[in-house]
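What follows is a group of structures, each given as structure tokens.
Next come two complexes, and both contain subunit A; in the first it sits with subunit B, in the second with subunit C.
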Partner chain A sequence: MQKYISRQNFTKLLDQLIATGTRVVAPRMNAGTPLYEPLASSAEMVMDQLPRRSAKEAYFPVCEDIMTYEKEGQKVSITDIDPARFPETVLVGVRPCDACAIPVLDAVFSWDYKDEFFLERRRKTTIVGLACTTSDDACFCTAVGLSPADTKGSDLFLTPLEGGGYVCETFSDKGEALINDHTSLFNEPNNATPLPLAQPYTEKFDLKKVKVWLDEHFEDSSWDEIALRCVGCGACAFVCPACHCFDIVDEGTEKAGKRRKNWDACGFWKFTHHASGHNPRDQQPKRYRNRIMHKFKYYDDKFGQTLCTGCGRCIRVCPVGIDIAQIVEEISKK
Partner chain B sequence: MTSTLIETSIYAAISESIQAEAKRILSDGQVSTIVGYAAARRKGSAQPIVITDASDAQKLIFTPACVNNLAVYLTKAKKDIPKKGKIGIVVKGCDMKALTGLMGESQLKREELYLIGVPCAGVLASTFAPSQELTDESLAPKCTECDAHLPTGCDFVPTETPLTPELEKKYAVEIARLEALTPAERWAYWKEQFAKCIKCYACRQVCPFCFCEQCLCDRNKPQMVETTPRPAGNTAWHIVRAMHLAGRCAGCAECERVCPMDIPLNLLNRKMAKELKELYDHEAGFEVTEKGPLTMFNEKDDQSFIK
Partner chain C sequence: MSDHTNKNIYLPYMATVSEVIDETPDVRTLKLVFQDEQVRENFSFRAGQFAEYSAFGAGESTFCIASSPTRKGFIECCFRSVGRVTEALRRLEVGDTMGVRGPYGNSFPIEEFFGKNLLFVTGGIALPPLRTLIWNCLDWRDKFGDITIVYGARTESDLVYKRELQEWQERADVRLVKTVDPGGNGPEWDGKVGFVPTVLEEAAPSADSTIALVCGPPIMIKFTLPVLEKLGFTDDQVYTTLENRMKCGLGKCGRCNVGNVYVCKDGPVFTARQVKAMPLEF
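So, the complex of A and B:
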């Protein structure tokens, strides 16, 4: 289904959703930083900046409670968090580099263990993607085979038009339902010209070749050249739309507390630190190697997909200028 | 308002001098390794580089994008840099203060270092793209308060002299603004900032003074600070860190530069530095001293708080 919605009706749509109790998550400013967060009103939305963190947190929050416990005398009571209570959500203004990562993550969260925290949020969320009209020299979605107008992962996809408004195209029942529930706000598509798309880093990587090299070079001096400078923080993983490692911690007192699921990152020294004191990834280049291997080899081996959408966030935030696009490009030319 | 251009034309000549000196000291075996800056892929960008071969000396540069404090690579928390023999390092004045502090804390020995100082007019703020030209607006906030454009105590410093216009001191202005708030307003400000923290620990990992081999905040037996990225643990983490750095941090502002959530962390450190100056007339980074005012007792210390 293809429709048109004016800019004014689009804000009405969001305000109506908010008024009827739907959680609307969209890019907004939080103390000066653009983030995907629940809106109190459509006026908060900022569509012209790529949020600093990806949209994955709509399904996979930075920190979430998964269980609570209470102890009284010898009696311990445990209460599970019920995913059925997660709210219906519309995730709006999602850039293709974020939306495309979501079906990629479905694979790992529904593999041998079904992660209901992720999957129930997924079922209850309608994704409204947005064609990308701005880019910088860290963007490289086109290099990993995607594009600024890629509709993968979106239920409804918006293409901004000259003079305001959007073309809306549906890609699922959820997307159609969003239009059908608010038909008065949508019109038939007109002849308005779409805004020119972003033009990111264009040279396409030969990801097959990259994988062949990775298959054969677990041990290689290049890893030192690439990552000797890595300082071992988690910034790259935490802003990434596809990184999905988490840690589980119990926090509280002897009397009561919570079990929590928090983002984790393979760049941390502690990530593979064994209780024995041994650490198989004892140097930073070995940890950074895992980041590249997981994205361009292991995830492909297991699920036939690439764990990178070229959003460029890790390049922008890396304290020491590690540039994954350059690294992968160089590997593809080896 | 139009912005004022910061003169950086001397950086080209400085780069050439650094290259020549690096080539010389690697060739004659004075140093085994040099930590410096090299150009990176993105337009105008730079990144840290470790070289051991004189033929790589030509890769070294100095530009407004050479933002890192490379002193972090010499600390024991970063074990991966080869530390055989003397190490050369490219330092700006602000980086030199960190090295001075590390020498005072017995982390480094002066005789094991070959210091290549950089006459510096300033570097770019993290909020600007690396290709941005340097102006009073795009200048890193720390550079507006710099008192070390020419590093002292180095083995080699190119002869160029940077032109450094007098600028509004950005941290001083912001600290004055925060000091004028009520405690409740100030608390609201920091609560909002700390709420954004995702515990990526970039602030810790780039800090030359966060050299603990195991950070207290990574321990879970007992757990000192909640590790979860939630307001309580985030606040505890940043306050613990600010206190641990008080009297030691010389203001390289790396923590603030790298924070992916834009938390103005150097404000905490500058505020602590201001208190230390007022209470103990202490400024970090100027001389090699073993103990700072917070780690020793002096009879002249302010004792008015004892009632």
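So, the complex of A and C:
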């Protein structure tokens, strides 16, 4: 289904959703930083700036309770989390680099055992993607085979038009439902010109060649060079739309508390550290190698795709200037 | 007993500590009985599988299920107190409650071993992952040929399951070769003195129609594999079980991988051929 929505009606749509109790998450300014966060009103939304962190927090929270426990005498009772507490969410203004990562994460959390924390939140989330009309030096979605107008992962996709308003294209029942529930706000598409798309990166990486090199170079002196600067801060994993490693920890006392699933990062030295003191990835280059390997080889081996959407966020936040696009480009030319 | 329904996959079963056995000054066995009658009756696993054991308030730890699947109504775990969770598990007393998630991972293909001789080679705290299989095989004794167990530890007091070593030593249908590292023997010691690989080479079990099951610290594995090769074992005749730090045990949390192999899903049981194909990341 294809429709048109004016800029004004679009804000009405969000305000109506908010008024009826739907959680609307969209880019908004938080202390000067654009982040995907729940909106109190459509006026808070900023559509023209790329959020600093990815959109994954909306359906994969940084910290998530997975149960609570309580001890009485020698008995412990545990209480499950009621999925009814997960809010119906419309995630708006999602950049293609964020939306394209969603099916990638679906694969992880639904293969074999089903992680209902992730999957139930996903079921309750409608993704409204937004084509990018601007980019910066760190953007490289085109280099990994995606585009500023990639609709993968979106239920409804917005293409901004000259003079305001959007073309809305649906890609799922959820996307259609969003239009059908608010038909008065949508019109038939007109012949307004779409705004020109962003043109992030001219070169396209040969990801097959990258993978072939990675297949054969687990041991290679260039890993030391690549990761020499890495300080293991984990920022790259925390802003990444596709990183999904997590920890399971108890927070509380022996008497009562909760068990939580918290984001983690393979860049941390403790990530693989055994209680015995042994650590299979005992040096930072080994940890950074795992990051590259997971994104461009291991995930591909298992699910046939790359675990990187070229959003460039890790490049923007890295305190020591590590540039994953440059690394992958160099590997592709080896 | 994989539970693939739309339930919370992170919820543990509740189990009562029914027995506490000190194996060494810092290694302890906990015998656990599931509190829910249905779980108690239906929980089934295969030798080689592991579980996530929780001490509430401290978190979860990954160990193998150390008891045999042929012994019903309980499971056992065996651990050394070295970290936050294991120290909390050590504080548990008989009657206390702990959590168990599992069973997870693959298992020893025991049916493929029927009719063959079995050679177990292990050291120190690495006996529990093989002990489950040893008892499984002893309970099905007529399905196997000769059973040889080569087991060593740094010192006599570091040997775990001492009462069972005694039992195996006394059985006519088991050959137990026990050893301690040089200097680890007391005046009463009736076993060998020497490192496991050396003692294995001296014991020289035949590779003919034999499956070798090896578990031990990386250094023991490193020196044991060449000895097995010398004795004529092919890489497909040798099995081991790996461990890496884990959190979920379900192939999601992303930390137990050795290269692209997930120990929690693809393992923990691997042949020597599979291990040799892996990068050195364990």
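For the reader, a short list of remarks on this structure follows.
As a convention for this text, the second predicted complex is superposed on the first by the 332 of 334 C-alpha atoms of A that agree within 3 Å, B and C clash if a C-alpha of one lies under 4 Å from a C-alpha of the other, contacts with A are read in each partner's own complex, and residues count from 1 in each chain.
Please note the rule applied: a contact is a pair of C-beta atoms (placed from the backbone, for glycine too) under 8 Å apart; a residue touches a chain by one contact, two chains touch by 3 or more.
For clarity, every value in this text was computed on a predicted model and none was experimentally measured.
The superposed arrangement places subunit B and subunit C next to each other on subunit A without a clash. Contacts of A:Thr134 after superposition: neither subunit B nor subunit C is touched.
Of the two partner chains placed by superposition, only subunit B is touched by A:Leu228; subunit C is not. In the superposition on chain A, A:Ile66 makes contact with subunit C only, while subunit B stays out of contact range.
The superposed model places subunit B and subunit C at 90 degrees from each other around the C-alpha centre of subunit A, with the value given to the nearest 10. When the two structures are aligned on the shared chain, A:Gln305 is found in touch with neither subunit B nor subunit C. The wider contact with subunit A, measured as residues touched, comes from C rather than the other of subunit B and subunit C. In the superposition on chain A, A:Ser6 contacts neither subunit B nor subunit C.
In the superposition on chain A, A:Thr272 contacts subunit C only, with no contact to subunit B. In the superposition on chain A, A:Val249 makes contact with both subunit B and subunit C.
In the superposition on chain A, A:Thr22 makes contact with neither subunit B nor subunit C. Touch criterion met: A:Asn30 reaches subunit B, while subunit C stays clear of it. For the three-chain overlay built from the shared chain A, the minimum Cα spacing from subunit B to subunit C equals 5 Å.
When the two complexes are superposed on chain A, the residues of subunit A that touch both subunit B and subunit C are 249. Partner subunit A is touched in their complex by these residues of subunit B: 40-43, 45-50, 68, 72-73, 78-81, 129, 131, 192-193, 195-196, 198-202, 204-206, 218, 220, 223, 226-230, 254, 257-258, 260-262. By the touch rule above, subunit A contacts subunit C in their complex via residues 66-67, 69, 71, 74-78, 80-81, 108-109, 111-117, 119, 218-219, 244-250, 252-255, 257, 259, 261, 264, 266, 271-276, 278, 280-281, 286, 290, 293-294, 297-298, 301-302. Contact residues of subunit C toward subunit A in the complex are 2, 4, 6-12, 14, 16, 54-61, 80, 82-83, 85-86, 88, 93, 95-99, 218, 243-245, 247-248, 250-255, 257-260, 265, 279-282. Interface residues of subunit A, counted against subunit B in their complex, comprise 30-33, 35, 52-53, 62-63, 136-138, 224, 228-229, 231-235, 237-239, 249, 251, 260, 262-263, 265, 268, 270, 283-285, 315, 317, 319-323, 325-326.
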